[in-house]
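Shared between the two complexes below is chain A, which pairs with chain B and chain C, respectively.
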Partner chain A sequence: MSHFTNKRQNLITFLLLSPGLAGFFGLFFYPMLVTLFRSLRPEGQTSGWTLGNYAAFLSDPDFRGIIWLTFFLAITSTFLSILLSVPLALLLRRKPVGHRLFRLTILVPITVPGLIGALGLLLFWGSRGWFNLLLLQVFRLKAPLTINYTLTGLVIFYVWHYFSYTAITTLSTLEGLDPAFEEAARVAGATPWQVLRYIVIPLIMPGILSGSVLTFMAAFGAFSIPLITGGNYRPLSVAIYKQIGIFIPARWSAASAMAMIMAALQVVFLIFYMRILRRPMA
Partner chain B sequence: MTALAKRYWHALINQKKLFIYTFLWSFFLWITSPFLIILLKSVGRNWFGKRWLPPELTLDWYKWALTIANIPQVLSNTLIIAAIAVTISTLLALPTGWALGRRKVPAKEVLTSIILLPRMIPPIAYALGIAQIFYRLHLVDTHLGVALAHVAICAPYAILVLSSTFEGLDERVLEAAAVCGASQLRTFFHVTLPLVLPGILSSIIFTFTTSYNEFTLTLMTYGPHTITLPVRTYLAVGEGYWEVTSALSIILIIPSLFVLFMVQRQVQPEKLVGGFKGV
Partner chain C sequence: MDDNMIELRNVTKRYGPIVANANVNLSVRRGELMTLLGPSGCGKTTALRCITGQVTPDEGRVFIDGVDVTDVPTHKRELGMVFQNFALFPHMTVYENVEFPLMIRRVPQGQRREMVMDALRLIRMESYAQHYPRQLSGGQQQRVGLARALVYHPKVLLLDEPLSNLDAKLREEMRFEIRDLISRLGITALYVTHDQAEALALSDRVAVMNAGRIEQVGTPDEIYESPRSRFVADFIGLSNFIRGKVLAIERGMAIVAVNHIKLMVPAAEGTQVGQDILVFIRPNDVRLFPVDFAKAENTFEGVVHKLTYLGDTIDYRVIVAEGVQIRVQTDGKVRFNAGEAVKVCLPEARCRVILE
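Moving on to the complex of A and B:
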């Protein structure tokens, strides 16, 4: 009897899970399989097997440039996001005047569509934008700085768009921190700098790390931002889109091979991220 | 080196207040001024050269956006697609979220992270596959097709929010209702539903904004009849009319602003970014 009800319960659980699973398999797993198969077909054909698309991309002279650019943007923007987020979190934790407004500000870049952010950033940092007006009229520079469509500009835009992940996790870890640790250190005679360096930073490290991996993954997969603001700089996702958006006939197999490489790299980062999350707090 | 760092640190501490507020406000301006400049661009005329503000104000760009960019049609496309995507995602997520949140599921952690995978893999990777499948099924350039593509990314969101809502439902409250003699139906309508309704609503709001803002998956499945606001904005950027594009962006941004305020009030922000947090 209990065996029977057990089976029944399992069946109900499975039936309840099935809509979500159907969505997952139909709209994610199956499309990924299609992409995988397409990447193994010769260009423009529906049969036959080849590794040529991967070989072609890996031996393409642009390949190293694309991979280098993608990693450079992701790593630089992650690093700068940490440099911004840690002081920001440390300040906001003390609840200064207007801290609610600043907290809301952190959420802005991940809530509004990336396209709009990109457009506004182009206007703001352009040769006639407010940033250059400030340089020309307040700091008396002779000529405006070119920021849009340069590597520096892209890094600034990436940090603007993706620092939120690092800032949010850092802030939430910091607020979950027991103040007793710091008080103990201070009572023991540590300077504020020592408390920060040896107590606070090590304790919030898991939060900083998990947030940075999220920032890194978002920056690595970024699409709409480099598509609009990248100019001649094309990271992996834009390079994939160009294969089907520019070439006629569209190079689906080449695009799929690149997409598979990108997805594989992302899965590696994801595994790394889960390992960080599983690690017990220091 | 460390001595210098120490001195620098002390100097900062002495100037603390000024430094703190300069830092926070420049951060605030850095994030928000792009939006302010878009807003001004969308209502300004003859804004050229070294001017901080537009010399004349006009609503012409919005009129242009309405007529030339065909906003009524584009907006209705966007809303229809978002409505379909929200409906399908919620219907998928209600039972699955309930199972993940309240029932014994073998290997629950693995299952949850698998279902959330589409949020972590760059959409362009499976958008390529979706585009090819939808071409074969003649779903490209239909409202249902674009909406289904959006479900790929909306449903994991809905499942995430709903399963944590259902998980937070206190068993004792339900038992109390039963002990007090409420029938199952009465318990459901008077106890369970009011308790989970905020969660369902926030799931609907999140999936709606995700679909409304979705760009990559739309780009791979849209056609002349299913141009949505983000795609129209992207096309307008290519056409180079910055003023009209700004007007479009202002229209596009409104739902996300609503969500921003809801999020700040109700949901902990770390729940939004994590997804894998519980794993």
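Moving on to the complex of A and C:
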């Protein structure tokens, strides 16, 4: 009897799990596997094995530049996102007038599709955009600043598009922080700066880190922003796209090898990050 | 020389239409442990925050050790404070928590270590120096909180409901430990609580607060024995209130008419003939006698309406005159049954007049 119910229960469990498993294998595992196989096939063929695609990319004179640019953009924009998010969160936590609208505004960059955002950014920061109009008309600058298609511009666009993740988690961690800790520090003699440095920042660090990893991962894999606004700056995702979007016939195997390298870098980074997070903190 | 360590002078604080503190005057003398007692929402937290500087009063001044600190920021007030939820820094060890005020003050390393260990020894936690707060019990955490507040020898110690997050038994133990520690150090302390038993057991003086005002300040004995208002009487311990009219005052005794009975009560200052007043007496001061008991002062016939057995005491509700119900608590030696006729005695010396 119990044996029978046990089997029955197992079956039910399996049936309930199956949509999830199907999704996991169909949408994640299978494409990854196909990409892996593709990266090991000679270009344009469906049989045979080769490491040539990896060798070709790794020995490409552009390879180092691409990897460096990808990391530079991801790390710089993550770092700037943190610098932007912490003061913003400290400000919004005090619930100033209009803080609700501001909270919504933070979400705009992740809700707007990358393509639309990118076009908007080009218009705003262009030599005839509002930013330069402000500089010329209000601050009386002689010539417009060139932002679009520069590295600085690209970093600004990355920050705009990906800082939300960091800002949201930082804000929610900060709002979950018991104000008694700060009061205790104040009464004990700490200046507002010391409270921030010794109490608030260390206590919200896990929130900052978990948000910034999202910003980093998204920035590392950014595609539409650098594709449209990058000009000559092509990070890994754009370089991959070039293999299938420009060459005829498309170089699927080369693209796949690059994608595998990209995935490997991300996994390595994640493991490294998890190590940091798991360090005993609070 | 001003001997008040903490003084609130005519402090008023409003939050929109709500008056949290209405013209509060409070002084804590040097070396004294004063309790600020009141129900939640009575303004005691606001008063405390005026002292710490987290709240700036709309009107009035705050003095610490004779210095007007009304406009001095919190971190420059040299206070020690213990919090209801302990507020130990979770990312620091016990040692680092206690060290924090010294680190902020840039006390030299060697001296710092000595002071931290002294403070930890004071609360018998020196062997827990390297533990994190989450590894400690509530009572241990609160002792560390005390050490952190005392380590830099602040001018005054503020305690904000420090025991209300602990279980009942521990609370009682800690009560004596805190009392003992404060007397040993001779530090001035202001203890905020809503627990009247705690206030009576701990304090040199108690300030009872209600609706943003200080109702009465006095020793625990004065507060308990001679409450000046209905609120104070009611808040601290059990009370009977009997409404009556003053018929006459003779040699300090007021004769009060309650329905068709007359009570003799020591007159309070300002009692006037013809005035409607309340007669107050604690249930355990009322005596019950068998109905054939010879008549004595303030003794009336009544009927036991209800009784509740409470172990060491029995709680009776006795109806004396029509509509006058008196609560009596006696030890269980002589017992009466519900419905039984009894004599109720309200000893004159135990009755108080409360003017409304």
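We take it that the second predicted complex is superposed on the first by the 265 of 282 C-alpha atoms of A that agree within 3 Å, B and C clash if a C-alpha of one lies under 4 Å from a C-alpha of the other, contacts with A are read in each partner's own complex, and residues count from 1 in each chain.
We adopt the following convention: contacts are C-beta pairs under 8 Å (C-beta built on N, C-alpha and C of every residue); 3 or more make two chains touch, one makes a residue touch a chain.
Keep in mind the model is a prediction, meaning the values are calculated, not measured.
Novice: Who wins on chain A residues touched, chain B or chain C?
Specialist: B
Novice: Considering only touches as defined above, state whether A:Leu203 meets chain B (first), chain C (second), both or neither.
Specialist: second
Novice: Scan A:Ala185 for contacts with chain B and chain C and give back first, second, both or neither.
Specialist: A:Ala185 contacts chain C only, not chain B.
Novice: Quick check for you: in the superposed arrangement, does A:Leu177 touch first (chain B), second (chain C), both or neither?
Specialist: After superposing on A, A:Leu177 lies clear of both chain B and chain C.
Novice: What part of chain A is in contact with chain B in the complex they form?
Specialist: Against chain B, the touching part of chain A is residues 9, 12-13, 15-24, 27-28, 30-35, 38, 84, 87-88, 91, 96, 98, 100-117, 119-121, 123-124, 128-130, 133, 136-137, 160, 164-165, 168-169, 172, 192-193, 211, 214, 217, 220-221, 223-224, 227-228, 237, 240-241, 244, 252, 255-256, 259-260, 262-263, 266-267, 270, 273-274, 277-278.
Novice: Contact residues on chain A for chain C in the complex?
Specialist: Interface residues on the chain A side: 178, 180-181, 183-191, 194, 198-199, 202-203, 281-282.
Novice: Could you pull out which chain C residues touch chain A in their complex?
Specialist: The contact residues of chain C facing chain A are 52, 54, 74-81, 83-85, 87-91, 100-101, 103-105, 148-149, 152, 158.
Novice: Please give the residue numbers of chain B that touch chain A in the complex, ascending.
Specialist: 6, 9, 13, 20-21, 23-24, 27-28, 30-35, 37-38, 41, 48-50, 52, 88-89, 91-93, 95-100, 103-105, 111, 113-115, 117-118, 120-130, 132-133, 148-149, 151-152, 155-156, 159, 209, 213, 215-216, 219, 230, 233-234, 237, 242, 245-246, 249, 252-253, 256-257, 259-261, 263-264, 268-270, 272-274, 276-277, 279
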